[in-house]
Structures are given as structure tokens and as C-alpha cells.
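Think of it as A, B, C, D and E in the order they're written, each chain with its own count starting at 1.
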Amino acid sequence: MNALLVICGLGIFALVAEIINFKKWLPGVVMLGLIAAGITVAFDFGTSVMHFSEMLLFDNFSHAFTGLIVITALFWFWLAQDYFRLQPHITDRSALILFTVAGAVIMASFNNMAMLFLGLEILSISLYVLAGSRKESLFSTEAAFKYFLMGSFATGFLLMGIALVYGATGSFHLTEIASFISTHDGQLPSFFYAGVLLMLVALVFKISAVPFHFWAPDVYEGSPTTITAFMSTVVKIAAIAAFYRIFAFCFTSVQGTYITILEIITVLTLIIANVTAVYQNNVKRILAYSSIGHVGYILLAFIANDVGSAGTIFFYLSAYAAASLTAFAVVHSVESVNRTTTVEYFNGLFKKNPLLAVAMTFALLSLAGIPPLAGFFGKYMVFAVAIENGFTKMVILGILTSLVGVYYYFKIIIAMYFAEPEGAPLEPTTSIRILLIVLTALGLGMSVFADFLVSLIPAH
Amino acid sequence: MTVFLIFFPLAVSLVLFLVKPLQARVWALIASLIEMIASFIAVSQFVSNEAVQFSVNIPWIKSLGLNFAVGMDGITLLLVLLTTVLVPGIILSSFRRQYSKPATFYGLILMMQMALVGVFAAQDGLLFYLFWEMALIPIYFICLIWGGTDRGRITLKFFIYTLAGSLFMLIGLVYLYYQTPGSHTFAMEALYDAGHSLPAGEQGLIFWAMFIAFAVKMPVFPFHTWQPDTYTVAPTEGTMLLSGIMLKMGIYGVIRWLIPVVPEGVAAWGFTAIVISVIGIVYGSCIAIVQKDFKRLIAYSSIAHVGLIAAGALTLNPLGIQGAMIQMLSHGIVVFGLFFIIDIVSQRTNTTTLAGLGGIRNVAPKLATVFMIVMLGSVALPLTSGFIGEFLLINAIFQYQHILGAVAGLTIILGAVYMLKTFQKSMSGEVNRTTEQFADLSGIEKWVLYPVVILILLIGIYPAPLLEISEPAVMNLLKIYSNLSASVK
Amino acid sequence: MVSTELIATLIPLFPLLGFFIVALNVKRFSEGVSTFIACGTVFVSFILSLIIFFDLLGGGAAVDVNVFKWFSVGGFTVNMSLLVDPLSAIMLLIITGVGFLIHVYSSGYMHGDEGYGRFFSYLNLFIFFMLLLVMGANYLVMFIGWEGVGLCSYLLIGFWFKNNAFNDAANKAFIMNRIGDLGMLLGIILIIVNFGSIEYTEVFSRATTADPGIMTTITMLLFVGAMGKSAQIPLFTWLPDAMAGPTPVSALIHAATMVTAGVYMVARNNLLYALSPATMELIVIIGLATALFAATIALTQNDIKKVLAYSTVSQLGLMFLALGLGAFTSGIFHMATHAFFKALLFLGAGSVIHAMHHEQDIRRMGGLKKYLPITFITFLIGTLAISGIPPFAGFFSKDEILASAFAHNQVVYTIALFASLLTSFYMFRLFFLTFFGTPRATPDTMHHVHESPKSITIPLIVLALLSLTGGFMGIPEVLGGSHWLAGFLAPVFASSKDLVSSHHLSHTTEYVLMGLVVLMTLVLIGVAYVRYATKGHVPVAEGQIGNVLQRTLYRKYYIDEIYDFIIVKPLYAISRVFENVVERLGIDNIVNGSGRLVVEGSKVSRRIQTGSIGYYIFVMVIGIILILALAAVQS
Amino acid sequence: MTLNVFYFISFVAVLSALMVVFSKNPVYSVLYLIITFFCIAGHYVLLNAQFLAVVHVIVYAGAIMVLFLYVIMLLNLNEESEPHKRTILKVMAAICSGLLMVVLIGALKGTEQMVPQQATDSGIGLVKNLGKVMFTDFLLPFEITSVLLLAAMVGAIMLGKSETVKR
Amino acid sequence: MINTVPIEYYIWLAVALFTIGVMGVLYRRNAIIVFMCIELMLNAVNLLMVAFSSYLNDPAGQVFVFFIMAVAAAEVSVGLAILILMYRNTKTIDIDVLNRLKW
């Protein structure tokens, strides 16, 4: 809860900074503030408290995800210094990002549909704007427009779902709904199930799983790279946290309604995302499909054991976030010189700038799930959970698609190491270099201390 | 000791990556020599029994049942020895070339060494898998960065292919893991117990899941198509690593992680696997006969040899497994020598096509002699290292099934056919325009090749000490196997 | 007094030492030094062999030395152990003795060759392996030698490696030997499986109780090895080609020693063979067929060494015939005498070739009698010996074999007799064509023809003496002898003696047979003399060979072509099918195809992403409809 | 009586909603939408949510729709500038939404007896009640809404103003 | 008064309006109309929410409607800003014109 307050406060402070001419120091302050938020999370760890008439529930799940969101956001700010430096509106952008983070934290800790809805909307509305924040670019506009239109369309379904669930259970509180469901087993009106399904659709849209993923590649590609990085990390984490919270905390006892559908969605996601990525030529787009693909793996863990998979999902997301941020940092560096992110511009990166290439390699290997990187352990845990619960066929599918994944990740790697250098030389700033090293080290460290991360969220 | 053997190369490789010293290759050579000496010390301290020695066991990820458990018994020790002996040779062999980014190159080689030693030493299923995959990364980059034409596509195929295989092994391991009693664990013994308590059908499935991984790595027909291209395209040092050591991972896997784990699976499917391997022998040999490229020829011959080793190991006969052990050493050394010779030839003539060579023996008698001896090792002439292994292996296969043994025995004929052809086409005859300026062995080349020759002869003449190292462990493994299969029945 | 064990160990070691010293100093040593070391080491071995031989002769026990444990797996141990019993002692003497002579001969013959040191190192290595072969106390040690001599044969056939035809011949020899070796290896493995040991003594002690079927298989497989090494049908074609090597090599390896390894092996395993009559029958058939077959081919050959080579094959056939008949002693006896006279003939041929500046075609020789007197005399002795004219060595040994054949089966006898008569004919054809008549070489060549140096002639003389007297070690009873050799070898063949049907021809029969053979031989020599020496008939050039029979014989029954057609070509064809069809189109296509499938799938699936929002929403709505419908159906 | 009113308002609402979709002229669409909103406000009244009805009219009809109208005017949109979908897509759209309707109704069928509690107190829709709930139970969402609005405001301004700043 | 109108009527009405909204989104290419249709969908939800609220006798539903309204307003403001941005760049508000990002 404290973290949420700190973040909201920071957002407002960022707006005020414009007025009091404090712009220069803003990034530092924001980062300090995020660190502070992280520390409060660390202090709150282990407690499980309801806040404001059970609007928010801060248990270990929320703490862990909040921590992850805050840390990811922190690294994102580190990464995005360029983005702020080159743009005139540092304060409002920072504020929007911070509001988004606040929305994300809410999505990780809500206990009430209203909070879910508001958190989601804060997040989304800020993102619509951020996606379009490179106004001179048609791509950016298109991304914002697509994101907005489809996002609000999906919101309609979410609300419809909430309304129906409310109508059936008479409450917006997850805990109450859950207990209502378990006490009225078999007597629930059929529109309750329709509501659950509509919410499922809306959340699947938010986590961008097939067939509700269409917005993601386009938006990821069109948005400014830093924003894409933000979307594919913080936003994704938040969306999945929200998804998990609703379906594992609240609707788990009516799992039968949607589990088959979710299985189909998982299969489709794994196949379509990974296969489609193969023929892409834009690294941003590849990463977009890759992030969709990763959702497939997370869903696999979820359908295998929804209640017990929190630790796995958390670890998976952590590993994914670290790798993804690294990858986007490199993409951003390449883009800042070449103005484009097609694979050709990664040609010979290893010769041009080994650090970027190596960091990118680690990130991609981690995303591909190659040991001993964190991504492997993430995938491993997913598969382990699935095998434990008898989803061996799905695991085989997962393995096949992850091989396809290797194919497209390695397309970039091959370009970096194999092809002759093209385009201008690259000189990332020192802070980016340090960031890359830190993130890579984190990625490696995660695999060494995987135990710690997994045990953060005990199965409830 | 084991920990040192695993992490010392890693540490040096990290130093190389970070410091990027000018004389990276010297550093790497010294490091690998230290590693070699360390392994010799390990051999000298090794007590000749079946116990796992120098072992270390630290919990790593408890929630995954993953322990950092390493140790060496005789089987491991022999392969570690092979690794630590070959790597200095590989590094030394690279001294003739100037690779761009040498620090990275040698760092990757040492990293590879770490992973290889780790694979052989791991006493924990998941740890084994981790090292197994870790070995793939350095070699991939070695091939990708310093390889030949079209390496992007070929190395990717190699990577995905081997990864595909090993992921199925992972499924098998995880499945076993969930069969372990209590809070699950990946400890080797526990996996053995878990494996043998499974019903026969499931054991069969796990057998295939794991066998395919090993078969791809070795590679055994028909999982081999990545291999000739990769060997051809990889830089020589990479090819040496691949064929000299990495290939042995697959066989080691069969011996350590397949036979004792799923005895009934082996009983049910071993025959099929052996048949496949034996087909591979003939198939690989036949294709080798019609190869026009030196490197590809050796690549296919490797398929044939490894098929023999795999088939022998799967016979569950002490002769077969011991034969596999000694043949792994022999093949590692021989193939290292062969690829180095190919490299010398190709570097001086810019071709590896046999048709373009000839008459080298006139101008480079030392090279020709060395090649001759290495070739003899390859065709398993008695008193060279190749013979004992092939003899034991054919023996084991013959005992398993007479006809298969006879077919496997064809390797000694077909092997002679293609190796002699190769020797003749490259070395004998009159010199031609490409070979008339051919220089004989230089200092470094001698330093690499003479030990190879000596080792080939030494192992051939007096293999008993080496076999004694692994004997107790092999017998123990078979005892576990027979106990398991007996208790099931 | 040095123990016999040590001596036995040292016998093979000396040539090995010689090999290493010479091989490592190929460039440094002068010809003289190389010669000295190479010949010296072999000579020392010879002396040591003599010591052991006399020890045995004086009633000493067979020497069995375990030098060191080679390897041991799962309770199965293989030792490097050596055994010297009468059989191996005889072999030792032949190998080191003839080997020494040939070493000496080579120092003259190879003089000035750029590979001089290399040549001697190979020869020494060969002697080492050959000694190992005959001294091995178990099958694997024998197998080491067995393969090792094959290697040396390969190295020496391809000694002049610049000529690719020679290299081909070398490869052919090695590969054909390998075919036999595989059979042998499998036989050894079968022995291990059935007897649990590979030491001769243990195997023999358990042999009598073994299953006859298994025994037959084992012996058959071992005999396959012998076929390869001793150039028997069907694996004989390498031997004529092997004449590509320097002539001393042909004498040493392809006449006197290596090719007789098969004979030695069968004799060594006489008990096993005696226990498997079926194999014995097979050996008789193969030996007989080979003897006849090779002899007929030899009739039309024009290369002096090829004729000798086919004659060797034919003689080996006779030896196997003897072995197959159970007359092991006769086989060994003939082997010994054959070693003397065939080495002599080859060396003599070498002397001729040397004199003629590497001309080997007898059509371009003739009238050399007066130019090469010593060679002429010694060659004559050799020819007489091989033809079986008493009292030359060949007479006694060949007669024994024929006698055994007669006792066994008249048909066998007739064929064997025919083959041996053919031998006399073609040998004298060769002899007359070479030394008699008018010189057919160019005057220029003839101008340079001169008798060979001492280093060549002395071995010739020594061998001629041996060919003359060698037969006396086995004078049969009929001729008033005691057959010393049979007595000496008796311990070796004692165990099998009762198992083979021993023949007892009446003395009269034997006299008649001997007389008949000698008479017919003399007649044939006369015919040959008239045809080739007095009438000066010279074989026509290749293209003009008239009738089908002659052409078939000249072409060696087209065996090489047939092998090429039924084995080599199909092998290559299959290999190409493997490579081009199975590998490229089959397996690799499946692998690559799955990759391509993904890429093609990707090309299709990316089209789903049309970029149009309207379309996206459409799909979304359809998705929702499907989900709801699915849920409705489910409930 | 209430039922008749319900039918009437519902009919108007659905009709004008359809007109929103089918009107060629955007301005007409806006106006039809406003009618729809008024109908919905009528329903609120029927449902005893008087305060909400008022707020609804003020926010939707008063603010949001005006905003729409303003933008339409600003962009000078009219019938001629109207983009047209291909007929087949239109048919598809109709079919799809029809299907959705069918499926939704199918999913919602048989709900009559399942509504747990019947309303007795008609005072919940009053300001007093709502205010109490809003500022006790729903305090946090209420406050968070301010963040939301702030974000929207900042965002809208950011997107809207920049063009001039750049020049 | 309430009891005279069964709840399922409201559900059906809400569904009808919602579906009409969806249909509008599918049917029209004019971004503003599409947008308005989304508003219509939200209003359908609002109606449903209020109906449930009344029938459940629970004010929470009505409070929720407030939030929906607030969000709708915020969405509209941002959405229209994006629309204007888009119009500036492309001089059209056809939703299918912007399809450069694809494949």
C-alpha cells in the first residue's frame, strides 16, 4: 500500500516539477522514489493486509508483484533516460508512466472489481497516450489509435462481465465473490458464467493471448521503443498479475467453465505467436510476438495448476522482464542511431559494439530458454508444473514452439555475429552500458538464486 | 577437486572476457595445462573402486529439487581426462591461426571445457541437463563467429536440432523427478530408483525421450543430418570440440543416465536402438566412401564410429561398456588428430576437396607419417588405440546378437576402404600444383600431433591402466542395472 | 644362462627396435647404417631363434611367456603372451632366416632408392609383426601380428607411392585382408564366447567338449581369415596385384612368410579343425580349387612376378589341401620348402628385373643365361624345386601332399596332380622364356645387363642351397628317411592325430605315384623346352590373344571385373543412393522440411495480421462468439 | 403501467441506438445517441436510481456528447466524408452481432428465478445513500479516479498541444 | 414498481444495446461513430449494473456506475485527442486507413 502511495505521490510531484522548474533533477528523484517504493515493499513483505474496506489486498502475491513492477519500472527509467532527454515533455511523460505504474500496482493487489477496473483504466489510458507520444510519427499515432480503440472495446466486455458477475453474486469483492461461489455451487445463474467468460475475454485481451492479440504486434511496433519496452514488461506483468488474481483467487472453483477455453487459447497462442514471429523482419515486432508467446507459456503453467503456479509465473515474469528490458535497451540503442529496428541493422553488431551484442545475446538466450539463464528456469518450472499435472502433450507442444522460438531469436543472434556490419557506429552511453551489465548479471543471478524468487509466493 | 576442475576454466574464461589480454591464447593454454595437471592429480589420488569420489553436494534450488552435486567415479574420470587432455591440444592447435577477438574465442573454449567437465561430473539430473545445454552455447558461438560460409543457417540447424533432442530428455528427467518419493529430488540415485519403479511402458517412453537426446548429440543415424554440415562449417577447433569431446556426451549419457535409469525400457527397446546404431555404422561408412570432401568424410566416419560405440554400450555387456569407454578416448584423440591434419592441409592448400590434393607425402613426409598412424588408429589396427575399443565393442555386439555383430564388424572393412582412399587421394601420388609448395610440419604442429601419435600408440599397446580406472564403476553400473531389472521381475 | 623366456621375448623386440631406430632416423642415417641396424637386428633374432630351436630340439619344453597384461575387462583378461613350441620354432627360423637373407638382398636391390631407410624400417616392422603372429600364445596376439603384417604388406606394396596403380594395389591388399580379418575376428570372438579364454592351451583343453556346430562355425570363420591372408579363393586377387611392391617384398611377404600365415594358423588350430570335419572338407575344396585355378591363370601370364604370384597362390592351395586332408605336417613341410624355393625364385626374378632395369615382361627378356650366370643357376634350382624334381626340396613336400590326397580321394588326387603338373609347365615356360632363346630386349638395355652385386647373389646362393637340401628334413619312410620334421612337430599335432584319418599307402603305391609324377613332370619340361627354348615361341601381345580360353585365362577369368561388378560397383552405387537419396532427399529433407514448414506457416500466419482495426475487432468478436458458444455447448 | 413505460422507453432506446449505427450523417448519430442516453436515464428513474439518472444526463448528454459534437464540427465531418465499408463486411457485421446477441441471450437464459434478493428498499438510489457508500467503502476507488482523470487530462493535453509547440 | 419489470427484461435490453454497440463498431468505419458505439456499449453495461443494483438492493452497483462514467469521460477525452492527432496526420478518420503496421 505504501508503495502505491509513494508512486502516486511521485506522479503528482512530477507534474508539479514542471511548475517549480525542477525538471533537471526529476529522473533522479523518480528513481529514488521508486527505490523507496521498493524498500517499502520489502518491509511490508510477509504481511497480508486488506486496505480501505477490502479494496486492496496486500498479501505476498501483491508484494512480490508490486516489487517486480517497481523494480522493472526503476530499470525502465534507467533505460529511458534518452527518451526523456530528447523529448520536451519530461514531466508529463514521467507522470504518465508513474500513473501507469500505480495502475499496475493496483492491478497486482486489487480485491475489488472497481479497483481492477480503475487500475486497468489508469494503466490503459496512460498507455494510449504514451503509445502515441511520438506525434510526428504516423506509426506512433496508428499504434495509439489501434490500442485505444481495441482497448476500450475490450473494456466494454470487461465491464459487461463484471456487471453480470455482480448481478449473480451481489458483490464486487473478490473474496466475497469467491466465498459466494463456493457456497452456492450449482445454484449460480447461467449469466454468471457468461460474465466470467466475458471477463476472461477482456483479460486475455489485456495479456494479449491469441485470438485477442492482434493489437499487440502493431502497437509494440508502432510505439516508441522505450514505451514498447514498458508495455512488454511492466504492463504485461500487471496484466498477468490481474489475470492470475481474478482467476486463481476468485473464480478457481468454477474453473470448469473456462479451463477448456483457456487450453485452446494457450495452444493457439503458443503456435500462432511463435510461428508468426519466424517470418518477421523487425526486431521490435519479433519481440512483440515473443512476448505473446511467453504469455502462452505462462498460461500453460496457469492451466496446469492455477492456484499453485504463482511462484512459477512470478519467476517466469521476472526472468522475462529482465531479458526483455535488456533486449529493448539494445534495440533502443540501435534505433537511436539507425532510426529503424529491422534485423539488418543488427548485422555485425558484435563487431561494432560487443557489449550490446553480448547483452542482447544473453537476453535472447534467456528468452529462448537456454540454460543456464533465468529464462530456462522459468520455462523449466512451467514445464515441470505441467508435467506434474499431466499436461505432457501441452508440454511437448510448448517444447516444439520454443524450438521455433529459438529459430527467430537466433535470427537476430546470427545477424549480430555473422553478418558484416552495416550502418553507423554505435556508442551507447555509459549509463546504458552499466544498465546492460546490471541486467545481464541479474538475469544470471536469478538462475543462481532462483530458489529465493520462487519461494517469495507460497502457494495459498 | 571436481569443483576446481569445473570452475577453474570458467573463471579463466571470465577473466579473458573481461580483461581481454593481448596474449589470450597463452593464458588459455596455461589454464588448460593447469587443468590437465589437476586432472592428473585427480587420477593419481583416485582410489580404484566404484565409489564416486571428490564429490561435492550443495543444495541449489530446493524448490526444484536441484542440487549442485558433482563427483567423479571411474567413468567420469576417464572422460574428464579426455577433456582436459584434448583441450590444451585444441588450444595449441589454434596457435597457427590468428583469430579475430582471441580473448572471446579462447574464453568460449574454456567455457566449453567447464560445461563438458560438468556434464561428466554431474550427479544430479537437472544439473546434468544444465551442463548439457551449457555446452551447446559456447560451441554454437564458436561456430557462428569463426565458422565458414553459410554458417548462420547450418549452425542454427545444429543448435535447434540438438536442443530439440535434449528438451525431450528434459521431459523424461522431469517425469522421473515427479516419481521420486517424498519431496522430489533430482539426485542420481533417487532418479535411478524412480526410473526402475515405473511400469515397463512408461520406461519405454522415457527411454526414447532420453535416447533421442543422446542420439542427436552423438549423432546416431538417422538423427545425424546436422553433423556433417556443422563439422564442415565450424572452425577446426570447434570441430575438434564437437567431435572429440562433445560427441562423447551422448554416449556418456547413455551409459550413466539411460541404462541404469530405465532398465526395462532398455530391455524392451535396446534391441531397436542397437539396430539403428548398427545401421548407422554401415550407412555412415558407405556415405563416407563416396565423399569428396575431406572434412565431410571424417564427419561421416564419425557417425559410423559412434554408432558402433552406442550399439556396444547398449548391449549392457561389461565388454561393450568398457569398450565404449576406451573407444571414446581413442576416437576423441584420433578424430582430433584427423581434424588437425585436415586443417593443416586446408590451410596450406585452401582446399579440402580430395580430388584437388595428392602427393603431399612427397613433400611432407612427417605429416604423411603422422596421418598414417592416426589413420591406423581410426581403422582400428591392433596396437593402436582404436583396436581395443572396436574389438570389445564388436565382441559385445556379437555376443548380443551374432548377425548384428557381423554387420557391425563391417566397420573394420568399410573403415579401411574410406580411410585408405582418403590417404591415397591426399598423400600419395604425384604432387600437383596445389601441393607442390606444401611445407612439412612446423614446430607447433609437431607439438600437437606428436603427443597424439604417442597417445594413440600408448593406449593401443597398454590400455590396461585406463580400463582399470573405469572398470569398477562400469561393473557397479551394471550391477545396479541387473539389480533393478531383477527386482522388477 | 639367459632364460628361454627372456630370449623368446627378445626375438620380436629386436626387429621392433630396429624399426624404431631406422624409422626415426630415416633422414639422418646413411644407407649403410640403416642396413646394418635393420639386418643386424633381424640377424640377432635369427640367432636367438636358433638358440631356442636347439633348446627345443634338445628336449626343452615349449616356452610360454606372459610379457604383460594387455587389457582386462569384466573378468576377461588378455595377456601379451608368447609361446614357442616346435611349430613356432620352425616358423621363427623361416621368418628370421629367410627374412635376414632378404634383408641382405634388399641392401643391394634397393640401393640408391630415395626411400631406402623407410624400406628397411618397414621390413623390420614386418618381421616384428610376423614374429608376433607366430609367437603369440593366444588368438589376439596372433591377431595383432595378423593385422600388422597386413599393414606392412600395405605399406610395402604401396612403397612407391607416387604411382597410383601401386597405391590401388596396396589398398586392395589391405581391404581384402580386412575382409578376411573380420571373419577371423568374429571367429576369435566366438571362441571367447564359447571357451571364455583366448589362450591356445586353455581353448584346446576345452575344445573336445565343445558343440560341434559351434566348432564348425569357429573354424570356418577363422578360415575366412586364412583365405584373406593366404590368398585363397575367393579372396586371392590381391596377391597378384601386390607384385607392385619391390621384389624383395614379394619374396618375403608374398611368398615366404606372410601369405603362409593362414597355413600356420590352421596348423596351430589343428585340434579345432580336426574336430570339425565340415570345415576340413571346405578347406580341401578351396585349396584344390585355388591350386588349379591359379595354376591355369599362371599359364598365360607374361609378367615374371605375376607368374610367380599365381604360382604362390597355387602352392598355397596345395598347402591348404594338405591341411584339409589332415596332413598338417605335410602342410607345414611344404610351407617351409616353399618358403625357400619361392623366395629364391622371387629373388632371382628380382635379380633379373634389377638387371633389366625394372623390366618385368618376359616377352622382352630371353637369352639372359649368359649375362646372369649365378641368377640363372639359382633360378634353375628354384624351378626344379617347385616342379618337384628329386632331390630338390619341393619333391618331398609335394609328394607327401599328393600321397595324402591319393589316400583320401582319387578325384582330389587327380586334380592336385594336374595342378602340380601345370606348375612345372608354366614355371619352365617362364624359365625358358627368360633365360633361353635370343634376347628380345632392346640392344640398349641388353648392353647394360650385368650380373647383380654380391649382396644379391649371396642370398640367392644360400637359398638355392636350402632349396636343394630343404627337403631332407622330411624324407619319408619309403625313401628310407625318418621324417625328422614330423617327429619334431609331433607334440603340436598330437592331440588331433587320432581325429584325422591317417593314411597308409603301401610302399609300392607310393613308389608308383612318385615315379609317375616325376615322369610326367619331366615330359612337360621337355615340352616346354621345345616350345619356348628351341622354337622360341613368344607369347603374343595383348590384343592378339586368340581363342576364348586363352583370353579368359589371360584375363584371370575376369575375376577382378566380376568382383568390380558384383561388389565394388554396387557398394558405390548403394553409397551414392544413401548419400543422394536417403540422406539428402530423405532424412535431411524431413529435418529441413520441418523447418521450412514453420517458415511457410509463418508466411501464412502473418497474413492474419492484416493491419486493419475493423478486421481485428471482427476476429475478436468471432472469438468471443465461439468462446461463449463453446461454453454453452459444454454446460 | 411501469411495464408499459419500460417497453416504450426500451423501444425508443433500441431504435435510436440502431439509428446511431445506421445514420449516414455523424451529427445525426450523435443526436440519436443522445436520445438513447435520455432513454437510459429514463430507465434509471424507473429503477429508482434518480441521482444517477441526473448525473447520467449531465455527464453523457451534457458533456461527452457535446465533446463528440464539437470534434465532429471541428473536423468538419458530414455525409460526404463518410467512409463506407464494403457491403459484404456490413452483412458480416450484422450477422456477427446477431450471432453475438443470440449467444449472449442463450448464455443468459433461464435467469429469472436465480436473482438472489428482491429489492424492498427503494432509497438506495438517493444521493445520501450513494454518498455514504462512495465515501466509505469506495473511498479508495474514488480517490484513484482522481489519478485517472489527472492522467487522462495530462494525456489529452499532451497529445493535443504538441503540434503547435513543435512549430 | 420495480417488481413489475422482471430483471431479465433489463438483461435483455442491456444485451440488445450492447450488441447494437458491438454491431456499430463492426459496421462503421468512421472512428467517431465507432467510438460512440463503444460508449453505447458502456451505457448498456451501466444500465445492467443499475438494474442489478436495484434488484439486489445494493448501492455498490450504482457507485460502480459512477466510476464507469468517470472512466468513460476520461477515455473520451483521450480518445478524441488521439482522433484529432490521427486526423491531423492522415486527414481522415477512417479506421481502416491506418494499416501500415501489419504482418
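Keep in mind that, in the parts below, a contact is a pair of C-beta atoms (placed from the backbone, for glycine too) under 8 Å apart; a residue touches a chain by one contact, two chains touch by 3 or more.
Predicted, not measured: the structure shown is a model, and the values here were computed from it.
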**Asked** Any chains in contact with both chain A and chain B?
**Response** C
**Distance-to-centre winner among chains (Cα means, whole assembly as reference)** = B
**Pair joined by more contacting C-beta pairs (A-C or C-D)** = A-C
**Asked** From the centre of chain C, which chain's CA centre is farthest?
**Response** D
**Complete:** Here the gap between chain C and chain D, centre to centre from mean Cα coordinates and rounded to Å, is 103
**Message:** Need the CA-centroid distance for the pair chain A / chain D, whole Å please.
**Reply:** 31
**Message:** Nearest whole angstrom, what separates the Cα centre of chain D from the Cα centre of chain E?
**Reply:** 5
**Prompt:** So how far apart, in whole Å, are chain A and chain E when each is placed at the average of its C-alpha atoms?
**Reply:** 26
**Request:** Please set out, as single numbers or ranges, the residues of chain D touching at least two other chains.
**Result:** 85, 89, 92-93, 96-97, 100, 104, 107-108, 111, 115-117, 137-138, 141, 145, 148, 151-152, 155-157, 159, 163
**Residues of chain A touching at least two other chains** = 114, 118, 121, 125, 128-129, 132, 135, 144-146, 149, 153, 164, 167, 170, 190-191, 193-194, 197, 217-218, 280, 407
**Asked** Of all residues in chain E, which are in touch with two or more distinct other chains?
**Response** 7, 11, 18, 21-22, 25-26, 29, 35, 51, 55-56, 58, 60, 63, 67, 71, 74-75, 78, 81-83, 85, 95-96, 98-103
**Message:** Judged by the touch rule stated earlier, which pairs of chains are there in contact?
**Reply:** A-B, A-C, A-D, A-E, B-C, C-D, C-E, D-E
**Message:** Residue numbers of chain A touching chain B in their complex, please.
**Reply:** 311, 350, 354, 361, 365, 370-372, 376-377, 380-381, 383-384, 387-388, 392, 395-396, 399-400, 402-403, 406-407, 410, 413-414, 417-419, 448, 450-451, 454-455
**Prompt:** What does chain E use to touch chain A in their complex?
**Reply:** 7, 11, 14, 18, 21-22, 25, 31, 34-35, 38, 41-42, 44-45, 48-49, 51-52, 55-56, 58, 60-61, 63-64, 67-68, 71, 74-75, 78-79, 81-83, 85-86, 89-90, 95, 98-103
**Item:** In the complex, chain C residues that touch chain B
**Value:** 26, 68-76, 140, 143-144, 147-148, 151, 154, 158, 161-164, 167-168, 170-171, 174-175, 178-179, 181-182, 185-186, 189-190, 192-193, 571-572, 574-576, 578-579, 582-583, 587-588, 591-592, 595
**Prompt:** Which bits of chain A are touching chain D when the two form their complex?
**Reply:** 8, 11-12, 15, 51-53, 55-56, 88-89, 92-93, 95-96, 99-100, 102, 106, 112, 114-115, 118-119, 121-122, 125-126, 128-130, 132-133, 135-136, 144, 164, 167-168, 170, 187-191, 193-194, 197
**Complete:** In the complex, chain D touches chain A at residues 104, 107-111, 114-117, 136-141, 144-145, 147-148, 150-152, 154-159, 162-163, 165-166
